[in-house]
């Protein structure tokens, strides 16, 4: 199966919706086993390994994050946070069926709220997608906050 | 006339623009006579009737709302508020020409401003559309604020 | 070359991305020599000349603005500001190949950040485009802030 | 600089000083004295129907938890762990089972606040923990009273008794409850939460301000009447029109409506009739009432059409539609208004449907009527910053000295109830007499 | 803790204490004393051209309305209803017809503030309302003066007279107005509104700070010159270059420009020439002036090229380009700058076009030149939090005692005008002499 | 109202008054006294490796610049221009070459702060500028000490000496540095910056609060263990599990871990072992250490597994993983936490990789473990507003009088280190003895 550019774009829209609707099992199922969710700390950071990131998580950590959200003793989630994306139409930066590599670039605003507080993050997501098992999958996802080096309070859900 | 998915999407974009440009007569004309504009108060609220909503308005109430905005003695609108939408591409959740039922789901940010104040609402709108008189019409519109149970000041215009 | 509606839309997306990525030389190259970037001060302002605007700049002023950003002695840009757009799908308001005139209308949110501060502007951009040298060019760009008459701190980069 | 001793100087019989609305110092003194000495509404016991159910809220600026204990009584506890101060509960409501457990170090407490257990307790042997306040557990407030489902509390250990504080004003609350064939109300959903950038007292005064509707609400109610006119006044008028149209009633209507004041700052509009009088009857309701109360008693109950009853200091109820509004003071210039509605147990749903419609039409942040009012409050909060005039006038229909310790009924456009509130304000801002204290024991 | 008595200690001849900029207490004292005692700019009478036209603004922290009364005079009233304090008008401007009507209970007032009517007035019979301040209506400020279209007001009932306060400094204002062949200005559109997170005095001082342009504006003006160079300096230079290039003038230019100070804190740069001197002539303008004034007078008027004239405490005008900047103090660390421009009646539009361009290029929140300055102010506001040094230095070219009651002209790089402002600051922060008060009657 | 004299009354041996956490007045007094008298962490000298390198930060509420001077020493200067107060540098870091230049009027300063030049200097001839503080340039702080790369400063001119203040507690810092085969650390990237709406002391106390992990972190660490279980506990456990699992260790583990306190408020957990003990060995590291130190010394260095070492008042280091956390007080209810990591020069990258992972997993605003803790702090900040109880309890394992001037080792679950901090808090909030001052000369 060779995804069209629209397939890639639809995939990114659908992924954001899964997160907003809290459909985390479906969301985890989108990932390749080696997939990494990376949110750099430094602006234009290139090294994920030897300097700190905000997130650099494999499937185990992502699963832990998701399961924790529903834990009975997860006090920072009583009451629960909610999140919401408004994403601009993704750019398809790479569409290479032969290499089975697809890359999109998406500007978005992410709002997270809990009780009477809420905050907005302006960010750009880069999705590395591949086709596996006849469907698109996330090989890697990089989320760059416009002000990644600013001071933040809790960011509890996932942009 | 059978609307394409793009027709549905274009309709939602066009509706938001009418509201931002204050073309309220055109906007009211989009509605079916029985159409209800519903903005729940409770998160995931299902009952519009026996618990409070933020808005649950029929065509009479919507017309009242619109006419009031231009009243000479409408002090809360001197000076006038302005509003602005940035909407994500709508999802077409239902496209059923046989039943003449069409449903879209749209993430959006709504900004309202007056004098030096302004606020942003993150919300998801669900449009129930039908074809009537050869054109798309709003059968019902549901607007879910991400933080519908938060405390708000005046929200004077319409998301 | 006759641009399709999608070409016009893609152009507006691409322009916003250039600004966010600081590709200013490319961006300046998009403009016609007589092109004016206008940001009115008054709501629905019609006269750019005899009352004040926030911006009404020709190519010389835009080039000055861009070169200043990288100056060694530009203290208000040490550290640098960053900006980010999330734009709604542009409306094509005019598509007139015969007159070689094309107009789009685009709702967008603009976020600018520096150090720990950031602010969001809700605005609507009107692009007047023409085809020149076989490519789309900006004949004029008008940016209307929803609250253009509000009080602002520094707005250092370009929506 | 204000102090507790200067407070009485802010109130004159015919006017009050603007600092009462704009001074943050006065606000702090209100929290320390008025909101400690007076009985404050906490919540409705149907919000904590089952044992272990809790609801987190505040009394003045004090975070508290209302909880149903194993003895089935409702307790009100400070929301503060006696170990290091952590709030025990953050959710607006929930069920904690048989005990509370602090999320930080797991000290646990019975639902009446008593300390239940401390992990690794041996660490406190020989430390004298037992002599500290901390060992007592979560502290309860000074006094709690559940009046037919409505829970009030007094923070102060001693002070005026519940009955002495409210006296005959409870007749409005009773009438609201009596309107249920079962004599019981149940909360219906969450409240509207409407933020006001103004002082809380402006909202309370507005509840008996009968000279503003035809002016301030002309934009909403007046337009509604106009549109209905253009539509040819079709009958029957829909609920929406029944609700909004009366806001345009003429001055005479409000004059004749009448206002009653009770001691300690309580009072109500609508002695003789109200904007709620002409709501069309709901099928089946009258019969259900008669079945419970008999016809005479039913007519007596439904005959009351009290409009707004103010319970000093900061709530208002509408008996005929089972609505309660809580004006929560957050700062001198910040008030959160919660608007609650209640179901009349055993009455037809249609009454609740009308009440829900009233709540959203009139009191939502999205309500056109609410916009009219908020605009006035926020304009006043800003206007009072002007040095042009230090006093706010409240003397309409005050032709001589007034005795607020006596119940009185007057012309519906008097500002007497506002004066009554300020009389009580001075009384409960002051140190409370030991006598009253004894009485409360 | 600061009090009115400690204020003079904050000012020394050669330096001022940082608390003058960063203490919120000092800010409050400024609002209560300085902004009451001094004459403050309110607006231009062309903003309220017709009877009933009003414009809402503030004097210090006082909300006021400037309105054209039926007698065609301009009145300045506190924007506060005498009933319960509601702001009478919220729009920035409008026309209220023959009277103001409060939106809350419809009390109405003539456009000079006098109470006109109260609905259901009989409700006040026998109440003694007549004896209250409220019965007088909307209160006017202490004194108002319309000087050739520019409206100033003094909040205090008594105090220094307008002429005594401004004296010969009015020559700058007069020159700006004289530049209209009709001797009249008209406001041209809304002002730029630029928020500064710094103290208002930093902005006022910057108006005569002639040692900063070549440094702080190198990034904008310097880059402009560089680019123009690269383009081969084509002539004629466009307006934009004529406007921005002079910011890079050398120190000598500013030294020779000269600075004049007048009593009571007023003063200006550009005694002999200014950055506005070399603006290219506008076709038809000179002839129009000669037609009105004759040639000699015309040359005299246009010969003045005063750069920035500071009217103490908080405005600056640029006569040659008809611009006025109002530095509105919102807090110790918050200042709103409004930049207004005016049309020279009967002069060619091209002059106004240049002025509009100057305004947006130099003073907009989007202006690269504005960015240079704001960065300095906000850095200073933060830097003054450092305990390293308690004083701000203002002693450039102060070689001995100075008498600010005498007009003086000095080297253009002196900080004398800053010192002059602080001399006036101490004077008008203090209680005003009764003598001056009498003089004002 | 609080004053410096009332501070000691806020601390009792077994409990501390809530105002220590919630009073903004107490916060201001802390800035004026505690943060002036104590030695505060500024930064690591590898952040300013080359001459002219600077780093902008703060000491308490004072903006300062750490800079490498031409003599290769690190200086700490107030970030404030002596002319008009402009901050000299705004970037978080940079290189200024041979001198600083103020962006407003171009006064320039050597990198040790001394005034270098003033443009148009003749303007100050005969003004007496030389006699002012301004002429001295950018003011340096009272005292600076670079201990093996870690730069500390004391704002006060006189006071306790560095060695007297830290004493034997430096053994933790030394051990962290010794873990580099080269005996040197280098900063690795920017710090995490995590905003907390709570008092800074809550965070410092939490560093030795060994009774909270198994409770507050059950949600994160407990869930990790559970998931790993479901996966059948595959070995070897990945780094992530090695890092997070120990948070669920039982009380016994923390009891036996032990706590040591030193005079002046310093102390650490993990005397005998810690949650870092069982990290799997990193290939090549041990050999590299032996090559530098020999085997015995290497075993001694790596044998130390101190968990958290608190350096009073506001930093914590983790020697085994080369992490430093700076709890920066912004207000009574606002604290910015910076979490820094360092590279062990000449050690394998894998150690730094593990440290970077620890930092993001445990201390990022996006960290699930961080969410657990912040929730507790912010709940406590709000809960302390409750009047229910004025005191915060700190008496675990305090069975009698304690002498904090003597080093002590106790059961790992004691709150002695918290008490030790408050003992030092009282000491350094008070005026410092001249004796100590002399000692410092």
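Per-chain numbering from 1; labels A, B, C, D, E and F assigned in written order.
As a convention for this text, contacts are C-beta pairs under 8 Å (C-beta built on N, C-alpha and C of every residue); 3 or more make two chains touch, one makes a residue touch a chain.
Just so you know, these numbers come straight off a predicted model, no measurement behind them.
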item	value
Contact-graph distance - origin subunit C, target subunit D	2
Chains in simultaneous contact with subunit C and subunit E	B, F
Counterpart interface for C-E, drawn from B-D, C-F or B-E and sharing over half of its contact pairs	B-D
Centroid-based (C-alpha) most distant chain relative to subunit F	B
Of all other chains, the one whose Cα centre sits farthest from subunit E	A
Interface residue identity across copies subunit D, subunit E - same or different by half	different
Interchain centroid distance [CA atoms averaged], subunit E/subunit F, Å	48
Chain centre separation (subunit A, subunit F; CA means) in Å	33
Centroid spacing, where centroids are CA-atom means, of subunit A and subunit D in whole angstrom	45
Whole-Å gap between the CA centroids of subunit B and subunit F	52
Touching two or more other chains - residues of subunit B	73, 75, 86-89, 109, 115, 120, 150-151
For subunit F, residues that touch 2 or more chains besides their own	90, 103, 216, 375-376
Touching chain combinations (by label order)	A-B, A-C, A-D, A-F, B-C, B-D, B-E, C-E, C-F, D-E, D-F, E-F
In the complex, subunit D residues that touch subunit B	188-197, 216, 218-220, 222-224, 226-227, 238, 240, 336, 339, 341, 343, 349, 352-353, 356-357, 359-361, 364-366, 368, 370-372, 374-376
Subunit F to subunit D touching residues, read off their complex	14-15, 18, 21, 209, 211-212, 215-216, 251, 255, 375-376, 379-380, 382-389, 391-393, 395-399, 411, 413-414
Complex interface listing, subunit F residues touching subunit C	90-92, 94, 103
Complex interface listing, subunit B residues touching subunit E	73, 75, 78-79, 115
Residue ranges of subunit F touching subunit E (in the complex, touch as defined)	61-64, 77-88, 90, 103-106, 119-120, 123-129, 132-134, 138-139, 155
